[in-house]
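Look at the two complexes coming up: chain A is in both, with chain B in one and chain C in the other.
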Partner chain A sequence: MAKARKSRGESMLLRYLVLGGWALVCLLPILWFLSIGFRPRTEVITPQPIYWPTFSLDAWHLLMSDWPIAKYLRNSVIAVAGSVVIDLMLAIPAAYALARYEFKGREDIGFYILSTRMMAPAIVAVPIFFLFKTLGLLDSVWALMLIYAAINLSLVTWIIRSYMLDIPKELEDAARTDGAGDLTILREIIVPACLPGIITAAVIAAIFAINEFLFTLLIASTSNAYTMSVALANFTGGSDGIIYNAIALVSFIAFVPILILVILIQKHLSRGLTMGAVKG
Partner chain B sequence: MRTDAPSVPAKGVAQAIPKPAPRRRSPALRRAFPYILLAPALAYLLVITLYPGLFAIYQSLFVVKFLTWEWTGFGNYSAILQDREFWAALGNTALIGAISLTLQTVIALAIAYFAYRDPFIRGWRIVYLMPMLFMPSAVAFIWKLAFNDGRVISDLLGRLGLIEGNIDWLGSIPLARLTLIVADVWQWTPFLFIIFVAALQGQDQEIEEAARLDGASWPSIFWNISLPMMRPVIVVAITLRGIDITTMFTNVFVMTQGTPGGATETMSYFIYRQGFRMFNFGYASAASVLMLILTVIIAQTVVKRAFHSGKK
Partner chain C sequence: MASIHLQNIEKKYGAFVGVQNMSLEIADEEFLVLLGPSGCGKTTTMRMIAGLELPTGGKIVIGGEEMTEIDARDRDVAMVFQGYALYPNMSIYENIRFPLRMRGIPKAEHDARIRQAADMVELGSFLDRKPGALSGGQRQRAALARAVVRQPQVFLMDEPLSNLDAKLRQSMRVQIKHMQRQLKVTTVYVTHDQIEAMTLADRIVIMNKGAIQQVGTPDQIYSDPANTFVAGFIGSPPMNLIEGVAQNGRFVAPGVTAACPGYVQGRVTLGVRPEDCHVGGDNVQGMVYGVEPTGDTTYLTVLAGTKKIEVKAAREYRSDIDVPISITFDPAHLYFFGEDGQRIRGAA
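The block that comes next holds the complex of A and B.
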């Protein structure tokens, strides 16, 4: 007994050293980057790093005057929200079929959908570029919406499928004996019952879409279709060099809503990130 | 309905409980129904994966110079297989990916093990999550500034007395690779952590408790009990993270652009550079096809198995 207590005490000290240490590793770069966003440009790149800068809203004024931040934000929101809507419309019926029906090729089709998640963006980048060029969709928010939807479709389908598998069959059977058709059951029973899964899938898909970089870089060639993620690279060109304080500020503008979304679905996060394979 | 059944009582029952007649579908439609539900999603994915795959195979057989396509057969492939830059990119991707993935897994396992029974787990989880919630392009800039442009890391190491003066992180092959690894580990360890914590919280506490009462030390509990129980989850998580690491692009694009001398060029960056910087589209497509073949092999072997064990 005494021995057990002792080893426990030691591991408590070790525990808080490890946990506290990693918390610092996570937080210090973020706090320092936040301080970059609120300092004058002259204090960003200096021979000696400055840890206690003077407070300044330079970056904020730059964003408001020189940089069409409203437009980039709007592009991001339209492309991301649109892609999530497309995903849900395609994924909910597909997930229902995979979760509830016996049919030939079910395993293979399910795995094919999963495997599209593994495709490196770079593999399809060249063909997709030519495809959208032919369609006249280069440099448009709609093209980004279609791409984001494609990237996340596998993930959304698998997450929703996993939650549908958890719904007791009796619920549907009762409705079926009452004469409800399959689509009615899907709409009236299945969708409400797996709503947490649908929301989780939507949030994770939205985060991946906000973060997407390579396709956006290729497809958005002017500010017409720039999203927040790629517009950051905008601060790097030109004679001014990299305008880090503005980059930092934009990063936090995108970070805050994502943080709020993730806190809302915290309990479902592990399940969502593993496409339903791990139940949290 | 059986024809020899007495018709009167049956009618009586039907009248007593009026029910809407179940909608009848032809057997053919019933059988086709799941496929109909799947069709839109599958069509969408086929357009976005199969079409590009076929296009890449076709284009890889040509030398493409802007608008002219000149047939070359397997010329691009034989050139690529002798291209040292291609093999270097493949090697860099594997090396940087393997080191980065190993570090992430070890760190995530350690902090997950210490955190999951902690009373402040909700707080820890939010703090540890934060790096993952920044846009990858933003994270790349954070570390570009910290390592190169702002010299913060050099300065901090100097204050600790570990080094003197300023380190040129992009001047040396291992150091340049290290910057990519640090950025990736910092941003994506949370991904594994979240999954591992959930797995640890979900597992049977009684076995651990029993071992503890028997006087087993925590490292031995971790090695002999927790780790084996988590195995399927670890496999799934590492597989997903491994796939993403092999596609590493944003950090390379922002932080190193492949320098020094191509030592940090990943496969994704190689394809991007061939296609969109040098406009060698046929060549880039050939590289894409080779990478696609690799992906399919890995998907069919590792991933299929991982997801089967994960589902149980």
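The block that comes next holds the complex of A and C.
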């Protein structure tokens, strides 16, 4: 006889065990970070790991008193949010033109825009440095805003374009016969219809911008324009040597906004990353 | 309200000719149906009238004004699309309101006009819903309301019923016809469904391969087809077209003979509608191929030589297959077409 069939309940249990196990593997480093961040400094540097630490806010107090975390966070938020706004303002009309207007070289221009993303960033690091030096924008949050916008513009354009391609052309034809012009169609029909795509593109751009390191390090020469990513790299815990629990806590704080963004767009993320490779 | 004149319009896509040298006069308040198989140029013709596509040649005049190069938004033309094309982010109310806003109609008038249009298509109680929360028939009615609300000079309808099921299509058809008569707006309607064309149209334009095959009232198109394409396209089942030879007043094909006028000579095609064929007599000697009762009538297929001939038989007619059978044609309703497919007509 055939082997006994598993009941529905058993197979569900198995699924939960496997998925739960995998989730634990993925989450363990983050939980370990968190546990280091909230234990006393002495417990961090023992030769034998202590799995059940005593809870302590030492690292938190150290950060709050000695380290301008609020300033770094503010810099990050200004530069990232500003860059996303610039990206959307440029990318939405560009994506619409690439998705809808018939003109010679349309595909070439689309590919050229995307190809700017293929270049290794280090290649342009030195020219960018001199460019911003000439413009007097070194060590400024505004410079970071422009750089993040430039880095992500191609990606944002392409993600939005792929969503726009999925909007039935009939909708625009209808709006046109109803008496709407191009800008009205873009504003009232196209943008609302591909809002999920625009949000996805914005969040992906924000995540890339938050994590941007190379150009931030290049432009932000003092803590004036440090964002979380560079401040984190420079952080050792102060004058008393390397303070691991404070580093762990800062890392966790830097990680939280990204986590929130990813949770927000989880539903659209895979779609946004495949970018019209398979039309949804 | 307006008449529409198409003068020698033409649409080419590179080497491909979508519509060739088409001239057509559409009278004020007329309901004109463009009928043809897919790819025949009917939708392209309509899109050129709408201004969504520019002709590569010719002239379009709407209401006495030349519109050939005028943008769609500046033509007073409303269009209903096959896929409804309702704006998904707006409520039905806002959808119907959109053309009023775009055309700068005073805000004070909006509400009354929207409700009037919605009532006309019986959607009054759905105004605050989003299109996604409506059924297919309701969406198409909403699209109709959006078209009528601004009282345009011309309605264009591009296969508006083809996404609906058969039953709904019938009731929507009546509604569209009623509305057009009520509003007296010149209407151009594109379809590939001959029943829609026959039931709705004042006049039908039959198109094939980018060219007009025949223009006429439904009766003319049905009873006086200009060529084999029209003859074979209209009617359900369509006209039997039997290729044979005519000589000295006699048409002969395998298993088929019939009297024909003396001016019909040589290789010709005989056309006869299934309802003009009757069981018995001597025009066709063949075998029963199949019998299809539909309730109100029975369709009989007769194999004569290698040709299958459709006969509309009496309701109670029944037969086994492969039984010898003879058929007569109604001699008053025989059509003859030449080798070029065009109808052969005697000297008037």
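Note that in this section the second predicted complex is superposed on the first by the 246 of 280 C-alpha atoms of A that agree within 3 Å, B and C clash if a C-alpha of one lies under 4 Å from a C-alpha of the other, contacts with A are read in each partner's own complex, and residues count from 1 in each chain.
Methods note: contacts are C-beta pairs under 8 Å (C-beta built on N, C-alpha and C of every residue); 3 or more make two chains touch, one makes a residue touch a chain.
Please read these numbers as outputs of a predicted model, since none were measured by experiment.
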{"item": "Partner, of chain C and chain B, that touches more residues belonging to chain A", "value": "B"}
{"item": "Partner chain(s) touched by A:Ile207 [first = chain B, second = chain C, both, neither]", "value": "first"}
{"item": "Which superposed partner A:Asp178 touches (first chain B, second chain C, both, neither)", "value": "both"}
{"item": "Touching partner for A:Val85 - first (chain B), second (chain C), both, neither", "value": "neither"}
{"item": "Which superposed partner A:Ile189 touches (first chain B, second chain C, both, neither)", "value": "second"}
{"item": "Contacts of A:Pro168 with chain B and chain C, given as first, second, both or neither", "value": "second"}
{"item": "Touching partner for A:Ala23 - first (chain B), second (chain C), both, neither", "value": "first"}
{"item": "Chain B and chain C contact sites that coincide on chain A, given as residue numbers", "value": "176, 178-179, 181"}
{"item": "In the complex with chain A, residue positions of chain B that touch it", "value": "19-23, 31, 33-35, 37-38, 40-42, 44-45, 48-49, 51-53, 55-56, 59, 107, 110-111, 114-115, 118, 122, 124-131, 133-138, 141-146, 149-152, 155, 186, 190-191, 194-195, 197-199, 201-202, 212-213, 215, 217-218, 233, 236-237, 240, 243, 246-247, 249-250, 253-254, 267-269, 271-272, 275-276, 281, 284-285, 288, 291-292, 295-296, 298-299, 303-304, 307, 310-311"}
{"item": "Chain C - residues contacting chain A, complex", "value": "47, 50-52, 71-75, 77-79, 81-83, 85-89, 98-99, 102-103, 146, 150, 156"}
{"item": "Touch list for chain A against partner chain B, complex", "value": "3-4, 7-8, 11, 14-15, 18-19, 22-23, 25-27, 29-30, 32-33, 36, 44-49, 89-91, 93-94, 96-98, 101, 103, 106, 109, 111-131, 147, 149-150, 153-154, 157, 176, 178-179, 181-182, 207, 210-211, 213-214, 217-218, 228-230, 232-233, 236, 242, 244, 247-248, 250-251, 254-255, 258-259, 262-263, 266, 269-271, 273-275, 277-280"}
{"item": "For the chain A and chain C complex, residues of the former touching the latter", "value": "168, 170-171, 173-181, 184, 188-189, 192-193, 195"}
